[in-house]
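One chain, chain A, links the two complexes that follow: it is found with chain B in the first and with chain C in the second.
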Partner chain A sequence: MEEQVILDVKNLSTTFHTERGDYQAVSGVSFQVHRGEILGVVGESGCGKSVTSQSILRLYDERREACYSGEVLLEGRDLLSIPIKEMQRLRGSEISMIFQDALSTLNPVLTIGYQLREPMRIHEKLSRKEADLNAVELLRLVGIPEPEQRMHQYPHELSGGMRQRVMIAIALACRPKLLIADEPTTALDVTIQAQIMALLLSLNRQLHMGVILITHDLAVVAETCSRAVVMYLGQVVEEAPVEELFRHPLHPYTQGLIASVPHLDDPGKEQLHVIPGTVPFLEDIPTGCRFAPRCPYATDQCRREMPQLQEAGSQRVRCWHIRSEGGV
Partner chain B sequence: MLRYLCKRVLSTIPVLFLVSIVVFSMIHLTPGSPARSMLGPEATEEQVAALEEVMGLNDPLPVQYVNWISDLLHGDFGVSVSGNEPVLSMIVSHMGPTISVTVFALIIDLLIALPLGILAARKKGAAADQLVSVVSLFGVSLPDFLLGLLLMLLFAVHLGWFPSSGYVPLSDGFLAHIRSIALPSIALGFTYSALMMRMTKTAMYDALHKDYIKFAKAKGVHASGIVMIHALKNASVKLLTIVGQAVVGMLSGAAVIETLFVIPGVGQLIVLSISRRDYEVIQAIVLLVAVINVAIMLLVDILYGLIDPRIQIE
Partner chain C sequence: MTSTSEKDLYLLQKQMLQEQRRIKLRRLGRNRVAVIGTLIVLVMAVIAIAAPLIATHDPYAFAVADRLQPPSAQHLFGTDSMGQDVFSRVIYGTRTSMIVGLCVSVSAGVIGTLLGLYASTSKVLDHVLMRLCDGLKAIPSILFAICLMTMLGPDIKNVILSLAITSIPNMARIARSEALVVREQTYVEALRSTGATETRILWLHIAPNIISSIIVQMTFVFASSIIQEAALSFLGAGLPAGAPSWGNILSDGKNSIYNAWWLIVYPGIFTMLSVLGFNLFGDGLRDFFDPTKV
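Right, the complex of A and B next:
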């Protein structure tokens, strides 16, 4: 049964104003997130996945830094066209976000208690006492021992895994409908990574919220997500249910990403697969297919014209080869 | 916290010891006998010898130092040669105006520097930022005595809003008191606000571009909360250093402004004492300024620890 769509991103573009000119870091990104679903957003560094997530919350200063276009519909309401005051009300209450490194994300000079109470006091207008009670409950929910004591501590007094849990607790303080997790485990040890992912999964089930999980780690996607969006240079190049994506990747970039993951059960292969080249800078984006310079199947048409996202079964893919040959 | 405090207090002892050595040597480093230079060229040899005996100048130096220090520690700062008044009570009676001017100047300094610095940090590159840069450049390049003269000319001589000189103590009425110290305080405060403004701008700009600000925004914190709580508390560690330096600079640098506006403060006392070669008073004031300096730095250190709990650990 299809769950209700809570977030519908339509043709989102983000352009940054810099001293050297305007650069479009995200161009025409579209995807949907359903209630209770974990959507993976995958890609190399610089592919625009973080910019996409921060654009959903409109975290860039619109007068000086960046401008957005397209639509971001949260339960049908376009976040890009509401006044910024209204957006502030939704941040932390309807949509929350967590980041990679909790040490730099938590304010070093404010107590854990203050930072936990803050969203509840702003959005739910709770008194300090009520917020305190809820905060302790939240810390318990994310699996922090002796939560009453933690309230008076500062971020540097906790371990990395604890800090990450605190950050998650803060993001969940007002029970948002959507949580954006921007590489939530990248800065952690492997064992802690697994714990935090398990926590996110169980919270996703308990609270029945939609989660956008941004990561470059395909293993994490395979374990936790139901669908995934693959991004390359500011565009969505493929979107598919996770099983399909791993079994039958359609876009050459996705194929390259999956082939780059080392397999323990494949001892015959000595060398890892590498995608040749690097992600180009925003100032020299190719005119045709953005992946063409690094693509082993690139033709003249690929280099000349930009392919559009098109349906291919349960998947969507941005590649010329799909129409002509039914997949590469 | 207690350990941090003890460490900080103990670390001031060597500094104070060094300062006391320097201050003590002042009297012996000036050419000729201090007694002779105090009494002037008309005094007879007998008079000079008698004063030297009274001052203990014939004892070996270490003995003199120990005597001097133990007198100081007992609160005996000696007697002023020219005024025949205990040095301590002279200084205390001159402290009031200096403290008044310094506090008022600091308030003016912060009132100018904090809002403008924060504004410039939030709108870096915009017109407001450029204006702040111009104002702060103006403040840095304009010496306080010149600004004082200009203020005096405009507001006292031409407009007559404030008295051009003189001091009214607080006991004679708050308004009259404020009017009497307004111009010197503005002259002093504006000069220091230039540096403070620049520091506020850099510190706030740094803080506003940290990840925790992004997270606070994502939590739905309003712009005022982001600036006044999340960023300012982090930036204030850097700002405290400058505030501490400004207070010390204002206290010890008030000499020119106090002389200009005829304010009977410590600055004026030291200028007078130098012209009278009143060594006991000069020594006491220099030592006092050094002790205040050390005390303020100690206070700043303690406040660091209170604002940023990470500092106590390091």
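Right, the complex of A and C next:
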């Protein structure tokens, strides 16, 4: 793997302005994405995965909805401080995104071809004909049979898996350096999920771009990613190469997540592990370690003070117990 | 891996478009009500365009000797109190109604869509435009039209203008509400993530989504402006007295309603049929435009 960093997120925070006050949905997230690698971002619902990804593209309206802080460096350039016009130019050409809901991310009244041409028309100023030919090649690249016909069909004429493939084709239209896939398979059934993940993996190798794969499915992470970031309540709690993460997870939350995945080869009919409690609302974030209320190892120190991310071998963990015992 | 040649791609596109059109037309053909509506609309359009060829007499020519003749071979729909041929006047009246309907629906449609689309873009603009529309809607539209007509004077241009003004608020509201719904869809967000500007999203992605509702609404505006023009003329606030218009003929006929039924019945039937026709046509169009129903 080349060690060239494409995206460097430093201390990113996103605060939403709401009627009931400001809530920080993402606080101080840092990670790096290298060229040609797939970085997994894992966590429960509501832990800030999607907000992080949309913040990287600055998709929230800064005048009304949200405010960002920190730095998001795309090849050294800070995306959070460039003018919005410049950001629009980068979206879709340098960074693009695949959304969770494959069924509603295509405009129902326009043909597949029209929507595939769109990014090329915006960014590369191609003529309609050139864009059309490129679009057919893209459809072929993402494994859609009879691409010439699909070009003239409407989204409702395609199945869910096909639509997600089309979305991937649109995202790849301008050969971005970074692809953010926000739970690309949640709306699809299992066999199609596997196909889409295999497609992403092969495209990642073929086109050599960085991919951020956001998911709550640890199996997907184990299969596709080289490194993973575990998020809890808007913070990174652990970051590690995937093998390390599964072999010795250091953070109690990661341990809980891994323990709650069912195993087919488990001999006993034991109950699945459950992490007690739920993700708290943003209104009552604990003062100390954010995971402390649900953590089986929590001490007074955990409840009082927020631990920092610390290096532990090739891993980085946000937990007080690391220094004392080298893992819990 | 075969590569596609340009020619193949566009040939295929032509074939598929033809096929889609065929399927849609067949579907429209199965919808009886829509076919009836379309036929009525077509007949009305032909009458309006070919009025000079169809009319048997000059609609303005007086023949005092032939006053209040019942329908006969010479005067198909009889004559009115000044001996004018009712058939020819009804035919020319069709032309008036179609011109009024077309101009009002097109101008209200275009202006309403513009206002609605832009109202959906910003909260401030939304409030300003929609409160203006509320203000216009607060006055009953026919009263408002009468007011405008008395200020502007009887003329077909003024009828079109005042009816358009009263139809714009409804149009703008429909365009706005549809645009607001579309704006919240995931695909708009996905578009933003591909770097599309707001203007591009508004015109190339939101507008095509709302255009079918607008066209359907335009046919209803067409129908209602036919009625309103007839009503204004009937009340003497529409076209100048003597001009051939269904409302004017009805208005003339009300004095002799007990001894000359033909003065009321024929323009009445034409008004009714055309309004019915345009409404059915609009319903048919609604089904036709829905791309998710094939």
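In this section, the second predicted complex is superposed on the first by the 325 of 328 C-alpha atoms of A that agree within 3 Å, B and C clash if a C-alpha of one lies under 4 Å from a C-alpha of the other, contacts with A are read in each partner's own complex, and residues count from 1 in each chain.
The rule we apply is simple: a contact is a pair of C-beta atoms (placed from the backbone, for glycine too) under 8 Å apart; a residue touches a chain by one contact, two chains touch by 3 or more.
Everything numeric in this text was worked out from a predicted model, so none of it was measured.
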item: Side-by-side fit of chain B and chain C on chain A, or clash; value: clash
item: More chain A residues in contact - chain B or chain C; value: C
item: Which superposed partner A:G40 touches (first chain B, second chain C, both, neither); value: neither
item: Touching partner for A:R91 - first (chain B), second (chain C), both, neither; value: both
item: Touching partner for A:P252 - first (chain B), second (chain C), both, neither; value: neither
item: Which superposed partner A:E118 touches (first chain B, second chain C, both, neither); value: both
item: Partner chain in contact with A:G288 - chain B first, chain C second, else both or neither; value: neither
item: First (chain B), second (chain C), both or neither touched by A:K129; value: second
item: First (chain B), second (chain C), both or neither touched by A:P184; value: neither
item: Touching partner for A:G234 - first (chain B), second (chain C), both, neither; value: neither
item: Superposed model, chain C segment overlapping chain B, candidates 22-30, 40-48 or 58-66; value: 22-30
item: Touching both chain C and chain B, counted on chain A across the two superposed complexes; value: 57, 59, 88-93, 96-97, 99, 101, 104-110, 118-119, 122-123, 154, 156-157, 167, 170-171
item: Chain A residues within the chain C interface of the complex; value: 57, 59, 88-93, 96-97, 99, 101, 104-110, 113, 118-119, 122-123, 129, 132-133, 136-137, 140, 147-149, 151-154, 156-157, 167, 170-171, 173
item: Contact set on chain C toward chain A in their complex; value: 1, 3-4, 6, 8-9, 12-13, 16-17, 185-187, 189-197, 200, 204-205, 208-209, 212, 291-292, 294
item: Complex interface listing, chain B residues touching chain A; value: 123, 125-126, 210-212, 214-222, 225, 229-230, 233-234, 237, 307-310, 313
item: Sites on chain A touched by chain B in the complex; value: 54, 57, 59, 64, 88-93, 96-97, 99, 101, 104-110, 118-119, 122-123, 154, 156-157, 167, 170-171
